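The same chain A turns up in both complexes below, where it pairs with chain B and then with chain C.
Coming up: the complex of A and B.
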């Protein structure tokens, strides 16, 4: 098939759009002190931060799937008063400044927070300054991406397959597991990847709610920020960038086929 | 064309007004905006200083950017439009100067001491640095890359206290914030931060023998587009009026 010529009014803004993302990355690569790369990368804190980042972001994604898919299902399938308001509330963190999200989490789950005080007095559980706190902060900020993507998938899928399964006598749970989930697979996957990527880069809510301590709550974005103005922090950013790029590109080909 | 003439006339008139009402101690030709990049611990004091500086120099607008000192150095070195840099330590100032981003010699304009910050009324009964290591006390401090965090480590070392913080915060403001919210029991910040937080926290003094005196240098940034106003602001900070203002916020004088 002959490729049609792309109109110039599309090409120019598209090129500027692409350059807007690529130039800062090039800046990071060009200005990084590659001579110090080995020192920066072999520092035990770097490895600790990267490990913590991966563990926390994957845990946050798992929590988001377990809680977010049912929530998306409710939004897509159950009509109830206040649904739009509830959806808006649960996706608010997408626009809320993450630092404000962190403060809100402190006011709810902190030592003197609404639930936090009860958690501490009853069970002796404190969440700030713990890895669980990091996962909570990341889930808070990242889960909306999964909810919205999965809801869109549920709304656009062909519901006749579900109806057929029901007519043939399958239970609603069985239909959900065997019919609905496979059908929304691509949306669920895309939502999970978006959620994971957002969680991996999370900074504001994490440092506010969970604090910053190497090996416990210091994720890569926090390590990068606290290393500034040392240029070694550029190297760490690139490591984070590379890991995400490899995962995003690799997963896309494996799961969705190269489009 | 006519509008242009009117604008020019208006500008001349404004400039004339500015010079007649301007403070005699500063240059009459200063105007425009001066961007001051200042350490987070200077927030309250510099906001007040900025107001009185603008009152004395009606043509000038002061804009502040407060953050942890290392963040400010990065921003300036990456080309942020700063005219003045006020650092919370000499090391970060030396970096800026060494990298060629400072105009002239940095001048010390204030000093600060460390203090332990605890919840109002000191419910954990903390009396000194040694109590920070008591079991059940959640101690937080600033990251060692931030001046306050570095000083806190020095103070603990001099006092012979070993304590693992629960968190290394990005600046003094977030340490005070977490004490106010009740998330942590104690932190080490500057005396001025305790003063600024008022009744929301209580301060526990650190004896001089274990205390670290923070030195605050100020300099004009080489890339400034308004050197006259930048220098006027620095002069004002160093003047008797500026020093008195800083003292009212708990800072020690420059020398």
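Coming up: the complex of A and C.
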């Protein structure tokens, strides 16, 4: 079969565009001190950071699912004044510089913050510079991805299935659990994975709100940053890269649609 | 023991104002063209479409009443609803679909599974209990939808175009099964359809609605013998005219007078069967008192008869044999005379 000729004016910028992404990745692989890889990876700080990253990002994803799915449901199903504004506010962290998000979190939940002071004085709860703070920072930045994906799924699903379930005697809760959630399963899955990937790579809000304490708030991206002059940071970067790549490739079929 | 619904609502272009009662023991078909509001009425009865005023009562109990602001939510109404495209839950097995209503109403898992599998047996799908809806044919899906609606033992069974999603070859079989299940169901049954054949086959009584309003109701024989709208007349295939009767004749709105043997006094419908209309190329001689000229606007072969639509002072459809058509040497647009006898005219109060 004859392949249609691809215009050169498109191929050249396309190739440059691809190279822009690939060259840095190649650099990372080529320049990494592979000899020291075992040492770098087996260092207890690395293990701590990786463990914390996984725990915090999975926790953030869990929180995002528990709070974000109902929020998405409200956006998709309840018409109320100010809905668009509220949606904009809750998805703002997608475009906000994460550092700004971290500062905002500090002003709200910091020890002298809006709610933080009250939490501290009443319950003795301190959030900033704790592992919980890491989860909060990651949730703040990552949850919008889940909200938007799930809302889109809710809007595009055939709501008559919910009516069919109600006509069969199912309570609103049962309809939600047994019909709505399974039907938006692919959107929920995609949203959760996107959210998790974003949480895993979170840096700015985390370092601002939670600080950089090894074993408590030092996640992988922070560890990479801290190690930066040293070549060991390259190895940690590769680990993050690998994890992200696996997620993206795994998502391709479900979310991006396979070509 | 009956369903009694009276519903007024506005939904987009639809202005619905309908009252309907269905007695226990009868199957009622709600018949009407697309967009008449049949599905909306059914949804309102199920509590899925809010209405501006009216009520829905089942066995004397109020399910919804706008004047008292009572509303029993859909999930607490004792109904079974078969949707037009069935809406089987794609993520559940056939058996879990059928058990869904039982589980929703608090039946324990084991009991629900047993009852669901008994229902699947009854509709002849026992071997498909572990299958997903997507693996079934249209006819099988219809039967699962019916079993799912019937399994929780509802008082009121609502079916929305139950056969419309099927192709012609399976429709007859599924219709026969559906009729059998409808007959064995001991509750109140209401079927929505736009297909007169389906309505006549499944129901004891027809309720015809158009543009959100009741047109007529009665047995299939009543309705076909006494159409009360152009839609019904077209379904039955007869000419329907309307006018004012005056002992032996009917004056139409156009001013033309039709001689009708049975005409007495008052506003009436006039029905003339196309076969009773004779077509001529010249002014007919002899006894017929109803004679008009016109133009053959369309000529269609229908089976072994030819339907000739004649536009003129009294527009009518005539049915002739192909041989007669050849003899008349008639083509579309040709000038013709039509005639029918005063004794071939049906007259009944409007």
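In this text, the second predicted complex is superposed on the first by the 226 of 259 C-alpha atoms of A that agree within 3 Å, B and C clash if a C-alpha of one lies under 4 Å from a C-alpha of the other, contacts with A are read in each partner's own complex, and residues count from 1 in each chain.
Definition applied: a contact is a pair of C-beta atoms (placed from the backbone, for glycine too) under 8 Å apart; a residue touches a chain by one contact, two chains touch by 3 or more.
Nothing here was measured: the structure is a model prediction, and the numbers come from that model.
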item: Which of chain B and chain C A:225 touches, first, second, both or neither; value: first
item: Touching partner for A:106 - first (chain B), second (chain C), both, neither; value: first
item: Footprint overlap on chain A, comparing chain B with chain C; value: none
item: Interfacial residue positions of chain A with respect to chain C in the complex; value: 158, 160-161, 163-172, 174-175, 178-179, 182-183, 185
item: Touch list for chain B against partner chain A, complex; value: 70-71, 73-74, 77, 92, 95, 138, 140, 143, 145-146, 165-170, 174, 178, 181-184
item: Chain C to chain A touching residues, read off their complex; value: 43, 46, 48, 73-77, 79-81, 83, 87, 89-91, 100-101, 104-105, 148-149, 152
item: For the chain A and chain B complex, residues of the former touching the latter; value: 106-107, 110-112, 128-129, 207-208, 210-214, 217-218, 225-230
